[in-house]
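In what comes next, subunit A is part of two complexes: it sits with subunit B in the first one and with subunit C in the second one.
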Partner chain A sequence: MGDMANQEAISAGPVERPAAWRRYGKEFWRHFAPVVYGLAAGGVLLLILGKNPITFYWTTIESGLLSWNGLMQTLIRLAPLLLMSAGFIVAFQAGLWNIGGDGQFLMAAAVVGGLGASMVGAMPVWLALVILCIIGFVVGGAWTIVPSALKAYYGMNEIITSLMMAYLGTNLANYLIKGPFITDVGFVPQTNVIPFADLLPNIPGTRIHVGIIIALLVLAVVHYMQTRTGYGLRLRILGANPKAAVHAGINVKRDIMSSFALSGALIGLAAAVEVLGVWGYVRADWNPAFGMTLFAIVFLAGLNVMVVIPFVFFFAIIQIGGHEAARVVGLPNDFLLLLVGLILFFMVLTEWARIKSAVSKKLKKTGAGSGPGTDKAVTDGR
Partner chain B sequence: MLTPKGIEDLESVIVHLKEEGLAVIFITHKLHEAFAIGDCVSVLRQGRLEGTIDNETMRRSTHAELQRMVVDLMFPGEVESLANVAELRDVSELAGTGRKAKIGEPLLELVDVKIPGKHGEIGIEEPISLTVHAGEVVGVAGVDGNGQRPLAEAIAGQRHVSGGDIRLAGKSIRRLSIGARQHLGLRYVTDDRLGEGIVGALSVAVNMVSKRIGARPFWVHGRTRSAVIDKHAKDLVGEYNIMTPSTETPAGSLSGGNIQKVVLARELDFDPKVVVFNKPTYGLDVKTTTVVRARVRELADTGTAGALVISTDLEELLVLSDRVAVLSRGHLMGVVENKPGAEQEIGALMIGGSHGG
Partner chain C sequence: MDAEFWAAVIAGAILAGMPLLLAALGEMVSEQAGILNIGLEGMMLFGAYGGFVVANWTGSSWLGFLGALIAGMAVAMLMVVFCVRMGRDQIVVGIAILLSMQGLTSLLHQVQFGESYPRLDGVPSIPIPGLSKIPVIGPSVFDQPLMFYIGIVLIFVVGWVLNKTNLGLNIRAAGWKPVALDNAGVDVLKIRTIAVLVTGGLAGLGGGYMAIIAAGVFVPFMTHGQGFIAIVIAMLARGRSVWVLIGSFLFGIALSITTALQLVGVQVSTDLINMLPFLVVILALALFARQSYLPAALALPFERGKR
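Up next, the complex of A and B:
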């Protein structure tokens, strides 16, 4: 995708360099246009269904962003979503399709939920919480070992294997909750409950637990890793051109294993934060299935952990506020998924249009006569 | 790759076709072939017809005049600087020109090496032994797909050998990783520039250090020092005269010749001991070709490094090599000293191979 834009940049003269704010504006619009189109199409759909789109969207914003309670809900939801997005981005940037995020999430959640109550009882609460976060991190990472080893050593397609491990993880997590970790609390099988007072502390003056702060710190570290370290560059090369990674002498097996594990570990940490911050226990058959929607969002954000923040924030508003809005206008919650689908559709469409216009612009500039890959074309463009 | 004999045969076939009343369009980047075979010659440049030398002019003019006309069409205003380019000359004039007298210690030794081919590709099936000394350029001649890539990749460490030993400056490197071999001074200029040589989406600057990730001075304790990387890239861009809008430009958007210069700049940096060049000028224009060849010869002429040049271009091997090994169907047919008449010997070995195999 980037190549086209850059080729375009070469043939443009040095005089036409737009001001920084305009470039950022363009960049912002490139990422955000599909959202606007998607919401507009959603509005048309609401009209067809005989609902008032303004009521729907206004209620969404009002109850997800503008009310103090809704905003807190949104920020609480942001924590696991951001950590999980970071996990996906680490793998996707290295060219590894970690499709099994929900399995890694649930395995970590089950183990953290299962051990949580007894650990909090056995040691200082802060220490228990730290250890439980580490446990979530490790379990999520461990659940990637099978697909990543098969990928690194046998070249097996990780899309298939990580998806298989997601099914295994979902069911094993259920087994753990219904088996070794079961308690007699509640009507549905569930783990023991961590006392409400022992959950992750809140940010003073709010009911928002510190998960969001953990998430933002982790995102900053991941961003630094990706842009400022040799490890980050190795992963980018691995993702952009695996053959070049081998040729450059990069230890490809080691980097596949480590980045896949880091991806799963961040997703496991997301689960730990959600369980320790919001629930305090895990119920059987609980599956928030954040993974599938987040795939789309991380691509919308161009696999950039900083750009992903506003997108995930927006998505959290839709998740929190949309429930209320759907209730108010009288639609099932599934309408929210439809909105996300529309946004994705327009994402593909705008990307296609952008590439097409970049190509035709380039053809016009260089003229049909001179080839794109010659010395002359490049020097002329300077 | 055609032998000199093969080119003669081709010529006679074309003459025969002409007599039968057929029209022939012959496309080549070798000027002497164009003159020898064509009744008239047209020059294409960047998708445009630059000009045509008609039958009448062809008959009237001398070889030197024709050459001047064509070069002028191909590279306006640069006739003088291109006078000695191998592409413009006949093979027999070139034999022996690459030879230099001073040869030092053995640097790269292949001892009874066997290399399996992948997916039906021809590997090195019979054990081969070959030595590259300091100050020496050893050419490897042969038609594409006769074991060249397996050979190059096995030396670089990108492929396992099934027998024998590879030594660098006397030390066995057979079990070393690609990175470890690079560290010891072994470099590989791949023939798959876009496929594995560079990462097209990453900048020129990053591509120039992509084989040194994590190493000082570009990385300190794992942290990237962008300023150092950028300075290094700017120096190399100047030294190799690479045409790029900036060092931050994605390498994939450069022209083929400039991409090859980026690869070359990276591989020849930091004191290489042995450099394996696989088809180093394949698909490049005449000017870049001359630059690349000059770099190869310069490398060996320092006296401290050696080069193995795999090429399908006989002219190239004759202007560069001290010795030329001939590879055919995965067999080493022989090694020829580069001296006047070498082109015939190489041709004979290649033909021997095709009969034998």
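Up next, the complex of A and C:
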């Protein structure tokens, strides 16, 4: 994974530089080709099932992007998705598999939802909203402490521990909502409701809450952190080669803990923004489960916070519009999961093909393939 | 707490634990061979679907299990092609497998059974003479479908193969030091291929157990994160198959105890009970944390001639 970033750096290492627009075009296609292939494969599958793929895709675009209502829903959905992908990217770039994103999300959501109504009633609304966002940020970050400490101090695999914490978090969030935070509103156990007027303000002239602006600002800060600060560089070294990071004198323990916490915190902020911007309360057993699918999106974007924006936008369209499209053609909503899975497979496949062709080009250039050393420069990034 | 309660707990633990056991056993094999199979849940789901379809179509639970086995192995082929042969990132491919199988099974289920919702007949259980007469434990442990006994036997078979045979040595070498295995003249990719296919087959059987014996139906997303629990069990077992047995049934108890408690009229929060096994695992990890307990080459692709 960290290897992935590294590999990009090396295989993209330019020998001759084509014109800028061609470079960007190529770069764009490199990221976007798997999406096209994946959608095409999904279309073929639809045909086999006797459904009309054009109807499906057109309805998706129509109700997720082209209708005013759908576009607004898409943009509203963008806020938590972007924040959450930023959270994943921070951890993945540092070589940390934060698989427990859904647990961090739900814990933050439950606490924000549970405290929301009473806090909004007790102080100026703007102050309450700011504090609630900070609470979400802190709770999300705190939920990573166990896996990251075990990773930093005992070298324990964080996949297993963050997963455990995700299950713990999901259940604990439910317990909080059904226990201390419960109200007598509604049939399903839920938290107190923040009055609609006291939710995050809308961007003037729309129904889109300011969450998307928060998300874009956070993304810009994360991008700056990753590309322009020493901390960002340290995290990338940590991700590319943890041993080298130790030898370079980096305080690996501190950086593991802090980047893991930042990852969880951004995911917690995503939850706060979603609860404070859209719902105003949290229901028991509510789990949007953005985690696994966003994984895919983040990888498609090559772990780049700027590249991830169009991908997440695209994904939000599919989520919002696909819902309607699935209904129209009479498929379960879960068809979208299959699409994302197919896109991921094609990403892996095109990446492999690219490395293969880079190797063979290199071999042609240097003359005969003379032993294993020849392809080193191209593939040894892993 | 009377006998009825404990019988319900044990029976429930076995019903919930068997799919975990089979899948975790499979995961352990591929982890020992250096392949981290995050897509285990996808293999279980497709196994459950395949098993259900075949059992429903033929009316035979045995053919159903065969279908589950083949379905799991078919999904594992994806892992073989992408991770073992092409050497791509195992976690990305695993997640791709998970997502596409969740989507695919839900889709196929809707298209085929969206209106009819067929159920399978119960699978007859086979009491073991003598043992099944023991009070409480007897009827809940020693009166089970044949597949249960096969699963228990498989634990020991896999343990024996991993620890006592040449193939097992090769599998563990593929996970700990693939270069050494390569130097010894063994095809690492072939060994890993075998391991991943075994994993797929066992995970498929685990899913099949869920659909054919435990539930009698296929429901989309019916594995409910159990694939991930199985991954955790396998990681904790570290290649010792008896630990898989213990771990699976401990998780099985946790998964079934709430129903048993409700049966005797005790009301407890499901959510708190559900947290218990995870809490125990986290505590155990924190207390007995050790540095190197996973195979050294886990999740690393192997390519010949590359250091």
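In the analysis below, the second predicted complex is superposed on the first by the 352 of 382 C-alpha atoms of A that agree within 3 Å, B and C clash if a C-alpha of one lies under 4 Å from a C-alpha of the other, contacts with A are read in each partner's own complex, and residues count from 1 in each chain.
In this section, a residue touches a chain if its C-beta (ideal position, glycine included) is under 8 Å from a C-beta of that chain, and two chains touch if they have at least 3 such contacts.
In this text, all values refer to a predicted model and were calculated from it rather than measured experimentally.
Once the two complexes are overlaid on the shared chain, A:360 sits clear of subunit B and of subunit C alike. When the two complexes are overlaid on their common chain A, residue A:150 makes contact with subunit C while staying clear of subunit B. Using the contact criterion defined above for the overlaid structures, shared-chain residue A:237 touches subunit B, although it does not reach subunit C. Using the contact criterion defined above for the overlaid structures, shared-chain residue A:335 touches subunit C, although it does not reach subunit B.
Once the two complexes are laid over each other on the shared chain, residue contacts for A:250 go to subunit B alone; subunit C is not touched.
Within the superposed three-chain model, A:295 lies in touch with subunit C and out of touch with subunit B [touch as defined at top].
Within the superposed three-chain arrangement, the count of touched residues of subunit A is higher for C, of the candidates subunit B and subunit C. Overlaid on A, the two complexes show subunit B and subunit C touching the same residues of subunit A, namely 3, 376, 379, 382. Those residues of subunit C whose C-beta lies close enough to touch subunit A in the complex are 36, 38, 78, 82, 86-89, 91-93, 95-104, 106-107, 109-111, 220-221, 225, 228-229, 231-232, 235-236, 269, 271-272, 274-275, 278-279, 281-282, 285-286, 289-292, 294, 301, 303-306.
On the side of subunit A, the complex with subunit C involves touching residues 1, 3-4, 49, 97, 146, 150, 153-157, 159-161, 163-165, 167-168, 171-172, 174-175, 178-179, 292-293, 295-296, 299, 331-332, 334-342, 344-345, 347-349, 351-352, 372, 376, 379-380, 382.
Those residues of subunit A that touch subunit B in the shared complex are 2-3, 6-7, 9-10, 227-234, 236-237, 240-241, 243-244, 246-251, 368-371, 373-379, 381-382.
Residue ranges of subunit B in contact with subunit A, taken from their complex: 46-48, 156-158, 177-182, 188, 190, 192, 195-202, 206, 210-211, 213-214, 219, 222-224, 243-245, 249-250, 252-258, 285, 287-288.
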